[in-house]
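Pasting the structures here.
One chain, subunit A, appears in both complexes that follow, with subunit B as partner in the first and subunit C in the second.
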Partner chain A sequence: MLREGDIRIPSGCAISGFINRKGNTVSGEQIIRSIALMHERSNGLGGGFAAYGIYPEFRDYFAFHLFYENHAVREETERYLNKNFNMEMGGPIPTRKTTGIRNLPLIWRYFVKPKLELLYQDEMNTNEFVVERVMEINSSMPGAYVFSSGKNMGAFKGVGYPEDIGEFYRLEEYKGHIWTAHGRFPTNTPGWWGGAHPFTLLDWSIVHNGEISSYDANRRYLEMFGHKCTLQTDTEAITYIFDLLVRKHGLPLDVAVAVVAPPFWNEIDRMPPEKRAIHRAARLVYSSLLINGPFSIVLGSSRGIMALNDRIKLRPLTAAEKGDFLYVASEESAIREICPQPDRVWMPRGGEPVIGLLNDQALQAEEEEGMLHMAVGERTSRS
Partner chain B sequence: MGFTKRPTFRVERDSCRCIDCGVCVRQCANEVHYLDIDTKEVLCDSTNCSNCRRCVELCPTGALAVWGAPQETSGNAAWAVHDIRAIQAQANSGGILLTGMGSDRPMPGYFDRMMLNASQVTNPSIDPLREPMELRTFLGRKPTVLQLDDKGKPVDLPPQLELDVPIMFSAMSFGSISLNAIKSLAAAAESENTYYNTGEGGLHRDLYPFGKNTITQVASGRFGVNIDYLNAGAAIEIKIGQGAKPGIGGHLPGEKVGQGVSETRMIPLGSDAISPAPHHDIYSIEDLTQLIFSLKEATEYTKPISVKIAAVHNVAAIASGIARAGADIIAIDGYRGGTGATPLRIRDHVGIPIELALAAVDSRLRDEGIRQEVSIVVGGSMRHSADVIKAIALGADAVYIATAALISLGCHVCQKCYTGKCNWGIATQNPQLVKRLNPEIGARRAANLLRAWKHELKEMLGGMGINAVESLRGNRLMLRGVGMMDSELRILGIKAAGE
Partner chain C sequence: MVTIDARGVYYMHLNKRIRQALKDGALEIILKNVNGQRYIADAIRGNFSFSIEGVPGNDLAAYMDGPHIVVKGNAQDAVANTMNGGTIIIHGDAGDTLGYAMRGGEVFVRGNVGYRVGIHMKEYQEQVPLIVIGGKTGDFLGEYMAGGIIVVLGLPDDMEPVGNYCGTGMHGGVMFIRGNVPDYKLGREVQKTTPTAKEQHYLTGIVSRYENYFGLEEKTVGGMSFTKLAPVGIRPYGNMYVKF
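Showing the complex of A and B:
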């Protein structure tokens, strides 16, 4: 049977996530409870988490999380890493033995910085350098897979129910200000750890519920710009779409949303001229990046989270607020499990992003060169 | 040794039904039917019958039928009847065999071996009767990056054609078809918000009001090209070649150059209009750049420039060159593409199938990272909406239809366009025949065809769980091949059914 990456596997899912806008950290225990409540939305073939703010002592280092099939591949990959990066620390990610988690790969973590001489030699910025090396490992080193590569954040994922994966990775020992989670229901049995969510690149992370019908149109467009879609999953493509639009092309997040979940033309035609111009231009230039078909996603970055539905809302998504916390999840119950009395609960419309950003104070603590831009404007707002 | 001309078709008249009214006599420009002066009976001589079926359809009593005529030779597996007939004809005449419309040879049809996908369980199909379904298509150059100015406003984009349906009427000149046929297509394009193409016949003054739905063509003969012509349309197409006759020029015989054609093409009355095989100012790709930018300069960069080529072996590299030469749209015409007149051997043996050409071009432009810079339009026997949707899934932005459009106007595909005796008033300049085609009725029928296909496109898109046509463009996972070789699947970039 072909492994994920060699074959495209559609799946349904549960997603959940929250942010503390002040940057106050909470342990992984809450997000595990939230995603565990939606147990029946996944089938034990994939679960995972993304956490931001968990490595403050290594905030200047890229935290690489890798799966290895064996130690020979690990040694070869470490040679590659050492050639390209200065490594501050490396070693296995702490896990505990957990019922229901079997067939483990080797799971290692490294805190690295790109070698300056290589950056100068290639005349590249740091992010570009890291992306290229990650793509290189994932596409040309069989048996090694980088599943997390951002700063002060990390993905933790594997094959199993999400609550078991959380226990396995000892997530209650980490403290973060953003947590997202995913429970997977693939329509196949790949049993490969790399195929679980979240999917990440730099400090982007995506958890995603849906099956996008525009996949091959999106993929073939992305591959023109150097993104290699090695996994053949929708989630990977969605991550790369945001990476291309926001990081590489420097577009504000609201314009990126207007690209992936645009209003219908008859709605655009009725907009006031300025709004119409930006929506028209976004759809025209990036028509191949419209994400068609059902999806709900939570996009995480070091600045905040954004939850988004496809433009006709074919997947569930609920949002809630309480104090500094913004919650999003497939089901309201998953929010109320960890926040029983929210100040406000709502169902976002299709194509209407729910955005929670760190406030300025919290941002200053996080601010650094190369952070991903998540500016938001009113100009594309649809309400 | 002389061979008399034998009928290809046999007209059968049911004498019990025939009332000798003479409708068929008046309708047949091939003079198949005639009135016997002595007996006052209507009779027929099938020798010149083209099977256009005009008489059959207009006979008030349904007395007529046309069949394939029994042949004096049945041919054999090596020597088909049409091969033998062709040799006999050439032995008689010493000339090139002429024909009309697209190739009718039984070559593999790749569209027919590709199957479309539909959603089941894991994602929902979308019902176009309940949910919006978008076919709006923009043709023209797109920047790679959307640039925003200081105030966050998008900078101006290059000019675009905007279509409500990704189907346009392909180039057919005034001369090859009648003014009434062109008026029908122009009005249909206007009502359905798409475009028709003048071909290289210039733009008749009656057609200027349809300018915003017109693509004006600049071909090797430069007939009718002047600044008003260039400015009149929404886009300009440089015609390098066409699928029915790649590598050769065109010839409109002087007898078709009447007053209207003469004025529109800006050539003397009754003179032959000969289009050279190449443009004599384009002997290489750098010359094409100059023509593209001359046209852009002349129209002040307000109109997208299309370059039309025939699908030939090296089409991918040629298309890449055209994109880099500055074209905004590349139109590719497959070997089954139609025409008013073409040498039979050229039509049937030169060029490659549009499906393979399209897939190769789309893949090549993506490999080079420039696919987004140009739009791809394909033509050459788009028989129905499923061909259209498969072309889009392979990578086309839109398609051109011509034969299908003419069939909607009454054409019965008899392939005798080159004779100028089209009984349906389409491929003729004979005023008596032209007036048979009422442009208002023609416009309604051509528009109906577009609307019908539009409904079918929406149904198929919805079935795939897609609600905007751009999400299908190049989305080859929506296709699976049946009965193809690995090399064909590889070139088409699709998987075999079951994979």
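Showing the complex of A and C:
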């Protein structure tokens, strides 16, 4: 696989994403146009997409997307997968020859369910079982990388400009109700296929513009809970932070935001008492999960999207609404490229999340066990 | 007058066409269907005028020296980066770092602006840059500001016209903010005072120019009271590295 990391190029990255809150699906053509408009923000060393609602015929199966360096490691990994999962279908992900996309790994996809006897034997819930197996493959099988493992969603990424990556994966053939995209301009970490965004785990996905100064503090804390950071880049940690806080520890999303992008202490001191107590608790209990450094991110999940800036807004982010659509992007023009006349356009403040969730009807059509729990009534631990 | 349809035109080609049109003698250029093209009117010197329909990309009018630009929509980040002279009128909102290191000329924004507006703005003798913001601002307004003038009207009301950390590191220039600014929003390098009669007269002129540019009825924003923010000292970090 192509590895590049000896030079340091300061700048960049582009992010874009949208959701149709009614769950109506659109093809990948739109998100490609949006991210392509910000071509200058990336340098051809990474592009990728996350799409939700694209595998309705396999909605009960975990869709594993893997990169392999060669067929030997593929066969070894497939033996491991078959030992742990019942496989409904597997094979190469359809791609097309595309100018500018070179040095390809093998790119395969499997629709799987965990073997029930193993779940009973380990007394483990399905999600936890899948996370453990993903971590196992990524940390102990050199040359095999799981880059997508959610239900009815998928990540598509690689080394190249995002518009070329989109063409390569034939994304115009998929239809989803949530799409996010990333154009990469690697700064401190290598530009390689596994290092392109989005970074996913279960149905979480993150696209990220920025860098995390607190990476090692975050990583050490995550590793205590079994999340292994193996992909040579900081963004991976953000995905695992949301998996830990929201899925494993059952925090509502607004509290998770108070952990990763907390207001400064003097701002917390000025809050009304109840809010102050939540913010103090979040910062004290999870001080190791504060994400320090500049970032704008789009978090995707089966239930919706959230866009967030670091607390002093060191990276660009614009949001817009039009009917049932919510759009977020690094630049307003990237939104207007696919939605010329939004009802409303705004720039969120640092640390202020922009949240777009599927409405109840659309949610019922989705699976029961989604992860993005927001309502105050659900503020109990589900672990 | 030359009209250029910018729809789908790559920024480099668009800027080449603009420069060619100016070379061919155009004094006024209308850009239609602009969407995200960067570096428009950058480093252009002279008495030209531009009308931009759509959303121009980042670094609009960077290093510009002289032209008059009207943006009939929103602008993105880093408008007027290191601008030296001329006027920019933006009929919508503008993004972060507007007027970054600006050293001359004027920017009028009808609506809101993002974070770090006027960061590192500076002045020298008759070169005094001016930024007028009709709406509200994000945090770090006038960060490390070394010169020039920033006026914030805070429309449509005078509630929270500026964000936090206003004037952090400021060591030159002056800001006039409509209404009061609570102390906790100020960087420790600025102090609040009341504008003098002469300054109040200057602000009345600024407000009426704002009303004219954006076709508002006179006195819709009249009768405003302002807080003046000025630096405590000219070298706030002079001793930062010499103590130890």
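In this section, the second predicted complex is superposed on the first by the 352 of 383 C-alpha atoms of A that agree within 3 Å, B and C clash if a C-alpha of one lies under 4 Å from a C-alpha of the other, contacts with A are read in each partner's own complex, and residues count from 1 in each chain.
To be clear about the criterion, a residue touches a chain if its C-beta (ideal position, glycine included) is under 8 Å from a C-beta of that chain, and two chains touch if they have at least 3 such contacts.
For clarity, every value in this text was computed on a predicted model and none was experimentally measured.
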Requested in this report: Pick one for A:R349: touches subunit B only (first), subunit C only (second), both, or neither.
Outcome: second
Query raised in the report: Once the shared chain is lined up, is A:E274 touching subunit B (first), subunit C (second), both, or neither of them?
Result: first
Requested in this report: Answer with first, second, both or neither: which of subunit B and subunit C does A:Y286 touch in the superposed model?
Outcome: first
Requested in this report: Once the structures are superposed on A, label A:R336 by its partner contacts, choosing first (subunit B), second (subunit C), both or neither.
Outcome: second
Query raised in the report: So, A:I312: does it touch subunit B (first), subunit C (second), both, or neither?
Result: both
**Report entry** subunit B versus subunit C as contact partner of A:E223, first or second or both or neither
**Finding:** first
Requested in this report: In the overlay, answer first, second, both or neither for which of subunit B and subunit C A:M38 touches.
Outcome: second
Query raised in the report: When both complexes are superposed, which of subunit B and subunit C contacts more residues belonging to subunit A?
Result: B
Query raised in the report: For A:H249, is the partner it touches subunit B (first), subunit C (second), both, or none of the two (neither)?
Result: first
Query raised in the report: Regarding the shared-chain residue A:A261, is it in contact with subunit B (first), subunit C (second), both, or neither?
Result: neither
Query raised in the report: Once the complexes are superposed, what residues of subunit A are shared between the subunit B interface and the subunit C interface?
Result: 266, 312
Report summary line: The residues of subunit B that touch subunit A in their complex are 119, 121-124, 126, 131-132, 134, 136, 138, 142-143, 145-146, 148, 152-154, 157, 160, 366, 369, 371-372, 464-468, 470-478
Query - Complex contacts: residues of subunit C adjacent to subunit A - result: 11, 35-36, 38, 54-55, 57-58, 74, 76-77, 93, 95-96, 112, 114-115, 138-140, 163-165, 184
Query raised in the report: Taking the complex as given, what residues does subunit A use to touch subunit B?
Result: 8, 10-12, 187, 210-211, 213-217, 220-221, 223-225, 249, 251-252, 255, 264-266, 274, 277-278, 281-288, 290, 292-294, 311-312, 314, 377, 379
Requested in this report: Please give the residue numbers of subunit A that touch subunit C in the complex, ascending.
Outcome: 37-38, 40, 266-267, 270, 312-313, 316, 318, 331-334, 336-337, 345, 347, 349-350
